[in-house]
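Okay, structure first, notes after.
All chains are identified by letter, namely A, B, C and D, in their written order; residue positions are counted from 1 within each chain.
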Amino acid sequence: MCGVFGAFTQNGGPVLEDVYLGLYALQHRGQESAGVAWVDDNNAIRTQKGNGLVHLALDQEALAKIDTRCAIGHVRYSTAGGSDPRNIQPLTASNSRGSVAVAHNGNITNAEALKQYLENRGAIFHSLTDTEVLLHLMAHQPHKPMIDAFVDSLRRLKGAYSLVMILDGKLVAARDPWGFRPLVIGQRDRIIYVSSETCALDLVGAKALREVAPGEVVVIDKDEIKSIRIPVQTKCHYQCSFEYVYFARPDSILAGRSVYAVRKALGHCLAKRAPCLSANMVTGMPDSGTIASMGFAEGSTLPYEKAIVRNRYVGRTFINPTQRVRELGVRIKLNPIHDLIKDRKIVVIDDSIVRGTTSQRIIAMIRAGGAKEVHVRISSPPVCFPCYYGIDTPSRVELAAARMNIKELEKIIGADSLEYITVDDLVQAIGLPRNELCTACFTGEYMEGETQDELEL
Amino acid sequence: MCGVFGAFTQNGGPVLEDVYLGLYALQHRGQESAGVAWVDDNNAIRTQKGNGLVHLALDQEALAKIDTRCAIGHVRYSTAGGSDPRNIQPLTASNSRGSVAVAHNGNITNAEALKQYLENRGAIFHSLTDTEVLLHLMAHQPHKPMIDAFVDSLRRLKGAYSLVMILDGKLVAARDPWGFRPLVIGQRDRIIYVSSETCALDLVGAKALREVAPGEVVVIDKDEIKSIRIPVQTKCHYQCSFEYVYFARPDSILAGRSVYAVRKALGHCLAKRAPCLSANMVTGMPDSGTIASMGFAEGSTLPYEKAIVRNRYVGRTFINPTQRVRELGVRIKLNPIHDLIKDRKIVVIDDSIVRGTTSQRIIAMIRAGGAKEVHVRISSPPVCFPCYYGIDTPSRVELAAARMNIKELEKIIGADSLEYITVDDLVQAIGLPRNELCTACFTGEYMEGETQDELEL
Amino acid sequence: MCGVFGAFTQNGGPVLEDVYLGLYALQHRGQESAGVAWVDDNNAIRTQKGNGLVHLALDQEALAKIDTRCAIGHVRYSTAGGSDPRNIQPLTASNSRGSVAVAHNGNITNAEALKQYLENRGAIFHSLTDTEVLLHLMAHQPHKPMIDAFVDSLRRLKGAYSLVMILDGKLVAARDPWGFRPLVIGQRDRIIYVSSETCALDLVGAKALREVAPGEVVVIDKDEIKSIRIPVQTKCHYQCSFEYVYFARPDSILAGRSVYAVRKALGHCLAKRAPCLSANMVTGMPDSGTIASMGFAEGSTLPYEKAIVRNRYVGRTFINPTQRVRELGVRIKLNPIHDLIKDRKIVVIDDSIVRGTTSQRIIAMIRAGGAKEVHVRISSPPVCFPCYYGIDTPSRVELAAARMNIKELEKIIGADSLEYITVDDLVQAIGLPRNELCTACFTGEYMEGETQDELEL
Amino acid sequence: MCGVFGAFTQNGGPVLEDVYLGLYALQHRGQESAGVAWVDDNNAIRTQKGNGLVHLALDQEALAKIDTRCAIGHVRYSTAGGSDPRNIQPLTASNSRGSVAVAHNGNITNAEALKQYLENRGAIFHSLTDTEVLLHLMAHQPHKPMIDAFVDSLRRLKGAYSLVMILDGKLVAARDPWGFRPLVIGQRDRIIYVSSETCALDLVGAKALREVAPGEVVVIDKDEIKSIRIPVQTKCHYQCSFEYVYFARPDSILAGRSVYAVRKALGHCLAKRAPCLSANMVTGMPDSGTIASMGFAEGSTLPYEKAIVRNRYVGRTFINPTQRVRELGVRIKLNPIHDLIKDRKIVVIDDSIVRGTTSQRIIAMIRAGGAKEVHVRISSPPVCFPCYYGIDTPSRVELAAARMNIKELEKIIGADSLEYITVDDLVQAIGLPRNELCTACFTGEYMEGETQDELEL
């Protein structure tokens, strides 16, 4: 998971600082590194990049002073390529035709094959990112105008990409034909923005205009906002359903649906599908289970309490996994309120179970705090399949729900009961037609046409 | 506001890493700087200190490797003395008699006079902290055993101090005779801990034993836990009521009262004292208003929604107050969920109003989001007086509630209605006798005996 | 000017630390940045790089712990590309055929044309160095064995290159057919070294075996040291004569000639060619004029004094060119010993005059110190032409000796007399045949065949 | 050994940047840390300090922008107190009477006793420096004017101090009654400077006015330069003779004697006292033996060669003493020029032998380089006693010349012959009366009155 943001102004304004602030609002989509790129007075592309959170990686004060008409940015989720600075996006390339910078959310599933093909034609890869494939595809079509080389390159990509780019001094946004990751266009006066989520538009004071459609390329320059189709046919869309369940911020709107409202609905669903009449109280795993647990409380007759406190600094601070820290485990992050759980029967709602180890430890901690019963309810279906579209889910053998049935899992995590919603519940709570949504990590139904085509550049 | 933590072990163990983790749990009490001090093999005191959050200021990995039997730590709230490294606590001093390190939460009200007196006797002050006065008072009694010099020095201090110290290689805790700031003793196996709040004991897996009593000095060494009285008479106690309302973490227990439960009770109180029958919905200002708003919802018939989303990274990240950031104001930090507030009449609960500017901006933002009415309810009485006991409240002229009556304030912040609870409500919600609590910032009833006594060392 | 160093061991040993130390001995060849590359256990190439002096740019302690059989390093002279980390060498590239790292001393004169050609075939350049051209030339011959692609690429290069590379896990050294920059092979037990100068071999305790010949590629692996010819015909060699005059360290041996001995001989020459009988004393501009001035003293009847003291820290420390620093000028760096110069007639020897501004300021300072006469003697011919072979000499319009005759220059720098040696003197002092030496910056006789050939890959 | 520098201006000017530059010129007197202090607009004292060389420890650019009329600075030699930032000078103290900052070159021999005394009166020491004693002595006389408290405090100090201070907003310089360390006053227009050596006056373009006399306090304010006597009687002076031999820069003038000229004279002396007729050549250990070796060559009939090259970056760069570095030993630092030493009989001149290990290693290296004979001549008498006056000489048991006679030492270091000059030679070469010079490290004749007097403040 990553976040992208871009801004273009027709008549000046603090677009680079707005990109900084946009990334700050998208920080939940990636904490590993951050970067920005912008156009300087000579139409050359400049960058600033760094590891860690936005405010550590980038120098707000310096950026605020830079005058540019077009800028983009990226926050990167922790991935294998790790902390190598060459992997920090935006990636850039320039040659006599011009310069390009690209920020990418998603994962190109045929990147390995394309890389092989390009290396056989002399390409030298400098990063370990799948994104770099795009730059080489473009470079290997040197005699076309850049925008044509770009669209032609997209045609060869499989998988998920929501891109924000600087190209020919213009702001270009593109979304793969399946629409896996969100991408939305906003406006404030004469500045046009592109963002992964609407919450970042809110922060910079912009209004959401519309989403970039699956398969659309949007080119923003000083005269107009132009739309181009990527020449790829798809039978249906694959908008990621997990964005609603977990990734996106609750104050964002995706495909016209409020994430907050969807999470509430998931809680209602869960209360109907898997009530827990004997319990005294509902609580949510902070933060991802909070809203669904409020929905569950509303949908059942149980009172809702914020019974588990999450240390505010967790997730932004790096605690070394020393011997002592491993011993303390989940306490470092979470603390139940003893008064509330003592001698009570509790329903705990979370968004999902991945490996199951965290759930196990929290349940143990709640029991140690004196709870009589701990019932677990999950506001999504069991995650049984890896995601190849930009989420670092573990392989099947590590996915708890892929390795055992629910009863076994219930036992292993130590819950008095464990229940999930169904895929139908999920689709219904989201409110989009089923064939517009990706549910592959729940169902294994990946997008079609995964095989590598024979394409000659 | 600051946080202090200490640990002493009789038979080894990771006490220095536990102090690090304890500070991490107390991070909400101070983000300006952090420091630790410990005893090395030669009974000398070593320190590590730095600016910013615990994980930036201190090197967990290095600390985890250090073997010591006694260690203390401190997180400091932003104050005037600012980022000068000399002000970072623990402060230390050593001479032929031995070494001492001190971490202090509170504020000594007669520090200036004592400093004058000590300088006239040749003392050189190296920091700008009131805490250093204590070290010089002790040094100026060179012929007494250190613990006697310490207790005799405390006798001369007015105001608030919850101290954790290393003294003669022992762990010493002390709390002023009025009991302003909390201080609690915990235990895990053969390790004794002292902490500002119980939440930090929870994190390190310790059980709370009891509080350090107002006017008590506790000396912990390898043989025993000894208790000494500070020879000062007081008519009553002044435990800070604002700790319950705002400072302390909701999962802490102060003087036997759960902070969460008190906040819930404050919300119930407020619903009774100042209901808002016309509204459609209650929400809380995150995070400080959250629990009270849940109490308000329970106490009224209104549904509770988490309608305002706080950026998780705010408060841990420094955003430069550039022109653009000032323009965006509270958006940088908070975002209302548009779906929820559009065309609704909303009650917003917060813990307090200090200058009123933030309230004003949030109300405006909620209205801009389409809310029909915005009613504000505050879960404490109006703050009309400055605090001299360790909180950086502004002077009276800046306190909104000191400058105008509630109706005027309601108008200024732009609320459709504004209401508070009373001091009696507050005392009742806390559940301690009124003469055990400080309410000076609400009532102006400061502790007595504020005048400087003529003491000769 | 840059410095390169490499090491390969057949049976273990601290080769990476030796590369560090070799660079330390070559530090005078470049202070802008430093980098090392080595082969890890999986035959992958790892690097460490940084700006500034070797000890700041690299982490000796970390490198000393790494076990590798093959490593190279580079120190870079300040150039236009500046402090951008992407320009720090060794450059690396890897693909399915294997990995390559390259450290380059020299300058490829047809780099721009080759870059154009390669970009038209899809290459993306990541640095601003001429060196990267080589990597792309190799990558664009993907179906040849790497060593063949390498030699074939060298064939297309014009200009100066002394290269140390890791290629296929082997240590490869190469020197352009003209032999501009030095490159020497050394040995210590079973470790083979390649270095820009012999002084670095001395430091690591190695013996010089022989030079890499102009036009030779040397491939060092665990079985043998193999030699390949670059298939380019040249009529003569162009070993840089300025290395003797200025660049190389006095304790190095180039092409069998001791730099110290050559500098002494230049001083003797100068004493014969341009004596200064009326003077009382000879001194040298530290450090570059020192040895020649000792030779001059020997060759004349004048006493030698170290009359100008150079601040030891100059050149390793960055002094900001503030207003005040500009005002103080050369004083920041040099200080004449007043006792010695007062009322004396002085001969000052330097290696060369480039822009003339430094000479002017020093002469003024010596006069201000009370000298009666200041005669300047230069131990090389006038520098009238820019160097295109790896030295950042300014363009002709900035070269003092290109803009005016010697009498004019004498007047401008304020000398009582100014004299040079001739090109014949220089050649004779070096002791190599004239057609083995480059003297282009003195004579304008650049190597032939500068034009770009039409080569298809 | 340390260096101090101060500047006061009556009508503006870049005094703080000049202090920076002065320290840069005095860098050879201390590389461990550097610091500056200055007076701000409110007459408060501000400081900037850091570890390492001046350009790393201090921020020239920031200092250049600060406007102040009075500033001082200090470079510290590596000492036991090590890298603790609290030990970096200038030390400061302030109280209601005013502020003081002090930079100290020398060593107070009764510091321990005074510290004891002061701690018994309540003083808390914050650094491990002997210098801090002075600040407490002043603070313990709170009812006197500061300058009186200062002079009265000096009266109680034994040993060596050359001080530069800010006191009452004035620039104050003081030199102990014995005159151990140099201190000189200079002037440029309306700026008055105080410096350890004249070379720093040269750098800032100032003229030396006169030395601060032993036992003199100089007070510089906007109206005048006032002189006060320290009320201590001494029979003779103890100006450090080793400053001429080793510490001071050759371009400095101490007590009217040129350091360069003294070193030359020491070489002539040595040639007379201990000629070496069989040798072919003289060389000097760089850098400390260079000038004496030139004197030796002049005084004998032998030619002088710079046969040993010292890596320019040594001494400013930290090379970790890894296994490999220990193995390479002195090669890291020095390299003999093989052509020059091969089959020759060589005289090597150095300034002194302390532990003897370096000499041993260099002689071995020169022999390994092919020299037939290596004769060592030392331009000072044998160092047999530790220095208590500001030089970190090792204790007697570690001093080679204290543990054995010269013949034994000759054998241990592996020289074909080893000879020294006498104390009389030294005194004569310096040209000051014997009773004005300290020669204690050669003779053991320490200053008298070393015992602690009973002084009551």
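Just so we're on the same page, contacts are C-beta pairs under 8 Å (C-beta built on N, C-alpha and C of every residue); 3 or more make two chains touch, one makes a residue touch a chain.
Source: prediction; values computed, not measured.
Novice: Measuring between Cα centroids, what's the chain most distant from subunit A?
Specialist: D
Novice: Which whole number of Å gives the spacing of the CA centres of subunit B and subunit C?
Specialist: So the centroids are 63 Å from each other.
Novice: How many Å are there between the centre of subunit A and the centre of subunit B, using C-alpha atoms for each centre?
Specialist: Between these chains, centre-to-centre, one finds 36 Å.
Novice: Got the subunit C residues that touch at least 2 other chains?
Specialist: none
Novice: Chain adjacency by touch: line, ring, star, complete or other shape?
Specialist: Topology of touching chains reads as a ring, each chain with two neighbours.
Novice: So, with touch as defined above, which chain pairs make the list?
Specialist: A-B, A-C, B-D, C-D
Novice: Per the contact definition, I'd like the list of subunit A residues that touch subunit C in the complex.
Specialist: On the subunit A side, the touching residues are 85, 93-96, 116, 119-126, 135-136, 139-143.
Novice: Over in the complex, which subunit D residues touch subunit C? Could you list them?
Specialist: Counting only subunit D, the residues touching subunit C are 14, 17-18, 21, 24-25, 27-28, 53-55, 60-61, 64, 199, 202-205, 249-251, 253, 258, 260-261, 287, 290-291, 294, 298, 303-306, 309, 311-313, 315-320, 322-325, 327-328, 331-332, 335-340.
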